[in-house]
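Please find the structures below.
In what comes next, chain A is part of two complexes: it sits with chain B in the first one and with chain C in the second one.
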Partner chain A sequence: MTAYIVRRLLGLIPTLFIITIIGFIMMHLMPGNAFQALLFNPKIKNGASLLKNLQDQNGLNLSWPQQYVNWIGQMAHGNLGNSFEYNQPVSQLIGEYLPNTLELALAAEIIILIAGIPLGVFQASKVNGKFDISTSFFAIFLFSVPGFIFALFLMFIFSFMLNWLPSIGTVTPGVSWSGDLGDRLSHLILPALSLSLPAIAGYSRLTRGNTLSVIVQDYVRTARAKGLRQNKVLFRHVLRNSIIPIVTQFGFDIGGLFSGAVLIEEIFTWPGMGELSVNAVLNRDYPLILATLMIFAVAVLIGNLIADLFLAAADPRIRYS
Partner chain B sequence: MATAAESNRVHVKSQKMIKPQSQFVLGLRRFARNRLALVGAIILFIIVFVTVFAPLFTHYSPNAANIMDTDAPPSPQHIFGTDDSGYDNLTRLLYGGRVDLTIAFVAAFMTMFLGTTYGAISGYVGGWVDSLMMRFVDVMLNFPFIPFIITLEAITNTANEWVLIAVVGFTAWPGAARFMRGVFLQLREQDYVIGARTIGARSSRLIFRHMLPNSLSVLVVLVSFSVAGFVGLNAGLSLIGLGLPINVASWGGLLAEHSNYLALRTEPYAWIPPAAMIVLTILSVNFMGDGLRDAFDPQARV
Partner chain C sequence: MKKRTTLMSAAAVVSLSALLAGCSGGIGADAAARHDSIPNGGTMVQTFPTTFGTNLIPFMDASAYTATAVGYSFDSILQFNRNAVLEGDLVDKWSYSPDRTTIYFWLNPKARWSNGLYVTSKDVELGVDWLASKSYNTTYQGEYGYLVANIKGVPASGYLPDGQTPSGFKILGPREFSISMNQPDAAVLPSQWSGITPLPWYVLGNLPMSQWKSSAFNKMPNIGSGPYIMKGLVPGQSITQVANPYYVFGKPHIETNIWKVVSADVVTGQLASGQVTIAGIQAKDYKKMVALPNISVDVTPSNGFSYLGWRLNNSVYGKEFSNVKFRQAVEYAIDRNALVQAIDKGFGKPENGPLPPINGWYNPALNGTYAYSPAMANKLLDEAGFKIVNGWRTTPGGRPFAPTITISSGDTQIAVEANFLKQYLNAVHINVKISAPINFNTILNELDNDANGKQNIQGFFLAWSLSTDPDPRGLWRSTDNLNLTTIDWSNKKDPAIVENDKLIHLQHTAAAFDYSYRKNILDQWQVLLNQQLPENFLTMDDGLTAYNKSLHGVVFSPYGLLHPYEWYLTPSN
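Moving on, here comes the complex of A and B:
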């Protein structure tokens, strides 16, 4: 097993390199750069020479391979560079914005797992019963609604019509209870819900399917024949055996959650990585673009790795392939 | 003797030959029996009809600015009101549907085409070629999606909807490729393929004549789910501002226009219809996809 883990980890490194190379090339293919706006500002005299100075300072006049090697060398020392647009070290910016996105993604994942998996298990335990059919229909409906439309409706109903929950940012500014746990939770609920509701539907369908295929097995019948209560049967025997594909899917979805959070963060003005990366690309802020690209890629790769590890733990054939 | 033989001839009433029904027709019949799928198909048909024949339903033009009448609430002349530049909302909704549906369908077909070609070659050839191609697909799949789209849009000019289709299709083909490669790997081991190869059929004949038609049912289902996904993706991109420019009517664009605080709060008649259309389209396509999958699955027990 450890040999498999080590092999997979080693396999991640070339993938990461190729991703950075592709990202680097595409970044430089974008027309314009971060400083060209200076040329259009009439108040700046000598715009052309200022542009040239800034470009030289930031190494934009070097050849692409040279810039790439410089960046990799710097990153190996832990220095991610200075953002052109915010004029702060990139690591500082990321330290400010990344925890928010992680908070949102984590909350959404917790909701998905806590709500989706038991729902699927209960649906499967009473297959084609009233509960199953009604919630299945509801689940397919939820699955079809994109997350951002949920966000709009949730914001409309809970923030505007009922005025129960806030709709902007992470904390309420300027009041004495700003930053409290309750305050943060109230700001977190709507974005996390809109991120997680479509996924809950998907996970409950998946769990239902897996649980159904496990429930017809003989050992479940034996457990029932022995006299175990239905609950114990469900959660001790059935769930343990059907959970592996679900957690695998979960690993694959971690990367998707980061991307999906971009839209939700935009709607709720949640200060997270999504806004940071979008603004970075639009402003051609090269160090920031590369840093956010790295973080997204690492998140996706780690998620895939976790998923593959679970698959390997479940299916020994994969370990030795 | 001859006459006796004649009269002794057994007269068999010629039986009417029942024409065997093809797999396709059988599948269609199964589909028709699935009520949810039928409802989905009907809704989709209505949506397509209403958007294609939009001039029948509204006499305004989606680009006819009328600044005397901006931000009007619903009224008998403007059923859904007007927006900031005086465009009639209902008109923009209907004409925008054309753009959205076109982008979704064409992008889905393009993704399927690219992905299937790539996955078929990879799955059929196998060996180190397969490993290499799948490595590349892995890298592309691991590429974070939003920065990729933004960068592609910055490099190209997506005011043209065909460029947007190309961009969206380019980001989504790895998923289809991986899926189709799995399908082709499976198909390669089927008896009829092995048999055909044994008698010396060329690879191209194997792929086009034997394997592709058998993967068609899976393809159809994948296309339908892709369409649903692309409608949502397109609307989401327009919401951030990375889709078509806002002056082109589209559902996502309508949502983007009215997603600021003021419009969300006070003008629900402006953004709820586009949101509802998006949801209805995705729902109906999903139901159809479910129905198609159940209908064409050879192991369904209907």
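Moving on, here comes the complex of A and C:
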């Protein structure tokens, strides 16, 4: 297994290499650059020479291949470059924004798994009953509504009307308890719920379908015949066998949550990678675009790897070597 | 230049006679007594619509939001009041030499850093050196290097070696200094030198400027000269500032000021729930906000305007756009009063020239020009040879005339307003089409790389935000880069262009120190541009600011919200 993991990790390198080349070309095909707006600032009297200086200093006067080679060279030394827009090292920006996205994605995933999977199992165990029909309807409703609608709705109810929860940022500024665990959790609840509600529905439907196909198997009937309690049958015998496609989906979602959080981060002013990457693209902040692209790519690739490993853990018949 | 909907900033009514005489700053005994009787304490929350940069030494960061927060922590030597008159700040007296090439400055006796130490000429010198330094103008983009560009001794490159003081800056005493220029220039003080910001020499003076960025002071400047001093920062989220006990105009009443990044999508809800104290809102939200029991809304004109530009060198229709009768016809064809009503919900005015009506230098003779008249538009287009064939006009050469208007993405209101423009132009048989919205940077790129006129852009809908002083240099001279966007000033034989450059020169010469003279020159220049219409002037929008009724004393102006040290909070109802 270890050799497999190492081989998969090494296999990421050429994939990432190709992704950066494609990203680099696409980035340069976008019209404009980060400094061009200076030309159109009425206050700057020498905009043309300032623009040229800045382009020269940041290597934008070099050919694309030369710029790419320089960037790879920097990367090899652990230097992600300097953001044109923020005028800070890119690594510092990533260090500030990435933990927020991880926090949000992790919280959302936990909510999704805790709520989505048991809901699907119970629906399947009472298939076509009142519980199944009512919660299925509700799940389809959740699945049909985009997360940002939930975001605005939750914000309106719990922050603006009831004033129970904060609606922006990750901490409360200017107070003594700023950044405490409780403070951070209170800020996390609404964005994590907004991100997870549509996915809860998706996971519950997926779990329900898989459970239904497993629940009629002979070994389940045998387990029941042995007198095992319903919950034990469901969660020990049924779920273990129906969860395989779900853990695969979970692995894929790790990368998806990164990029899917862009709108939620925008609405809740959650300073994460989504906001950072959108700003980078809009401002033609090349070093930051490449760095965020790398992060997203790594997240997706690692997510796939995790999915494969989960699969092996869930299904003893699957072994990697 | 900026996107259509982000108008904010400034106008100028600079009384040059007052400048020449110098004036006194500070607050009088009555004002001081009033200041003392106002309740103190509390926390106010202001907003930025998007994230800010985290370089907190003045002028280092490119973010306008960072500059706003830093502006609360570091005062400049002079400031503009609500009437756009230049008045004292850290400097409270100034006077010109007889030949008007040198200005003498005296620091306000109450000007101190937040730790109680006095602001000195050495601090001002460091502020000048910083803006004139190679480090600032290369490594840190140098966006504000223009503030010191006219000081004698600053080379054409715009910068000196780090730590070298321009020869035109002289320390005359601990609290007195002078700045010289090569030629008398009436606009230098209001448009440039007033923004010079002293920096604490005893903190930064011995640190090489190339290392300022990585310094602890840059990350959290716990000393400042402005009303609020930095206390905390959460990247991408908030900046917390506390009242400066030694502020030159007295300690601010409100103890804590917080800048929060709040998406424009939810800012009205934040205001309504009391989580934000004061923020700008859009015209469409006015009725909703003003109906709330805890919210007041202020409406103040802004010193900017929207316009419709035409690429006069466009390879397809450049010749047609270059015909002044076409542009005049467009101005007649668009009902700008109706645009104000429909788009700005009545909060604005038609724009008639290169300065908006709120600006003190605006020429009122322009009022009422180009009143909506499709008949006049049709007459001008007929005279210019744009014939109507099958309901649409053709070029004078007989080709179909179907120009496009480029708009930027990101704001649905831009598209709505562009559609209004389309309807008006269609009504006079111009088959104009609106292009799909494109990214603002893409528009800039196409405008900047269109020497041969073959880029896609033909017409474009954008907006200007103007500086406090009306000095047109940097924007309207034939040699200015910005003319690439609007007018073909390369045609030096055009008498209108010659006249334009001459008037722009005259408005800052020695004679222009006389207010009447400069006003007269700028009046002539505005009439010239009103006649030539290098771009079609559209509307000046008002700025709408919603604020909690517990907040008092806010000084609203076309330049933004002034004098935060005068603001105070009372218990909410």
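Note that the second predicted complex is superposed on the first by the 293 of 321 C-alpha atoms of A that agree within 3 Å, B and C clash if a C-alpha of one lies under 4 Å from a C-alpha of the other, contacts with A are read in each partner's own complex, and residues count from 1 in each chain.
As a working rule, contacts are C-beta pairs under 8 Å (C-beta built on N, C-alpha and C of every residue); 3 or more make two chains touch, one makes a residue touch a chain.
Note that the structure is predicted; figures quoted are calculated from it, not measured.
Novice: With everything superposed onto chain A, say whether chain B and chain C fit together or clash.
Specialist: Here the two partners, once superposed via chain A, clash with each other.
Novice: Contacts for A:F296 in the overlay, against chain B (first) and chain C (second): which applies, first, second, both or neither?
Specialist: Touch status of A:F296: first partner only.
Novice: Which partner does A:I267 reach: the first (chain B), the second (chain C), both, or neither?
Specialist: In the superposition, A:I267 touches chain B and chain C alike.
Novice: What is the contact status of A:N283 with respect to chain B (first) and chain C (second): first, second, both, or neither?
Specialist: Touch status of A:N283: second partner only.
Novice: A:S213 in the overlay: touching chain B, chain C, both, or neither? Say first, second, both or neither.
Specialist: Neither: A:S213 stays clear of chain B and chain C.
Novice: First (chain B), second (chain C), both or neither: which does A:G23 touch?
Specialist: In the superposition, A:G23 contacts chain B only.
Novice: For A:P173, using the defined touch cut-off, is the partner it touches chain B, chain C, both, or neither? Pick first, second, both or neither.
Specialist: In the superposition, A:P173 touches chain C alone.
Novice: Would you check which partner chain A:P31 touches, where first means chain B only, second means chain C only, and both and neither mean what they say?
Specialist: Once the two structures are laid over each other on A, A:P31 reaches both partners.
Novice: Counting only touches as set out at the top, which of chain B and chain C does A:L152 meet: first, second, both, neither?
Specialist: Touch partners of A:L152: chain B and chain C.
Novice: Give one of first, second, both or neither to describe whether A:Q74 is in contact with chain B, with chain C, with both, or with none.
Specialist: neither
Novice: Report the partner of chain A that touches more of its residues: chain B or chain C.
Specialist: Comparing touch counts on chain A for chain B and chain C gives C.
Novice: Which chain A residues contact chain B in one complex and chain C in the other?
Specialist: 30-31, 152, 155-156, 160, 266-267, 282
Novice: Under the stated contact criterion, what part of chain B meets chain A in this complex?
Specialist: Listed in rising order, the residues of chain B that touch chain A are 138-139, 142-148, 150-152, 154-155, 228, 232, 235-236, 239-240, 255, 259, 264-265, 268, 271, 275, 278-279, 282-283, 286-287, 290.
Novice: Give every residue of chain C touching chain A within the complex, in rising order.
Specialist: Going by the criterion above, the answer is residues 1, 43, 50-51, 53-55, 60-63, 137-143, 145-146, 149, 157-158, 213, 231-232, 234-240, 256, 258, 260-263, 265-266, 269-270, 272-273, 275, 439-442, 444-448, 464, 466-467, 473-475, 480-482, 485.
Novice: In their complex, what parts of chain A are in touch with chain B?
Specialist: 15, 18-19, 22-23, 26-27, 29-31, 140-141, 143-146, 148-149, 152-153, 155-156, 160, 255-256, 258-259, 262-263, 266-267, 274, 277-278, 281-282, 289, 292-293, 296-297, 299-301, 304
Novice: Okay, in this complex, where on chain A does chain C touch?
Specialist: The touching residues are 30-33, 35-50, 53-54, 57, 85-88, 93, 96-97, 100, 152, 155-156, 159-161, 163, 166-171, 173-174, 178, 266-269, 271, 275-276, 279, 282-284.
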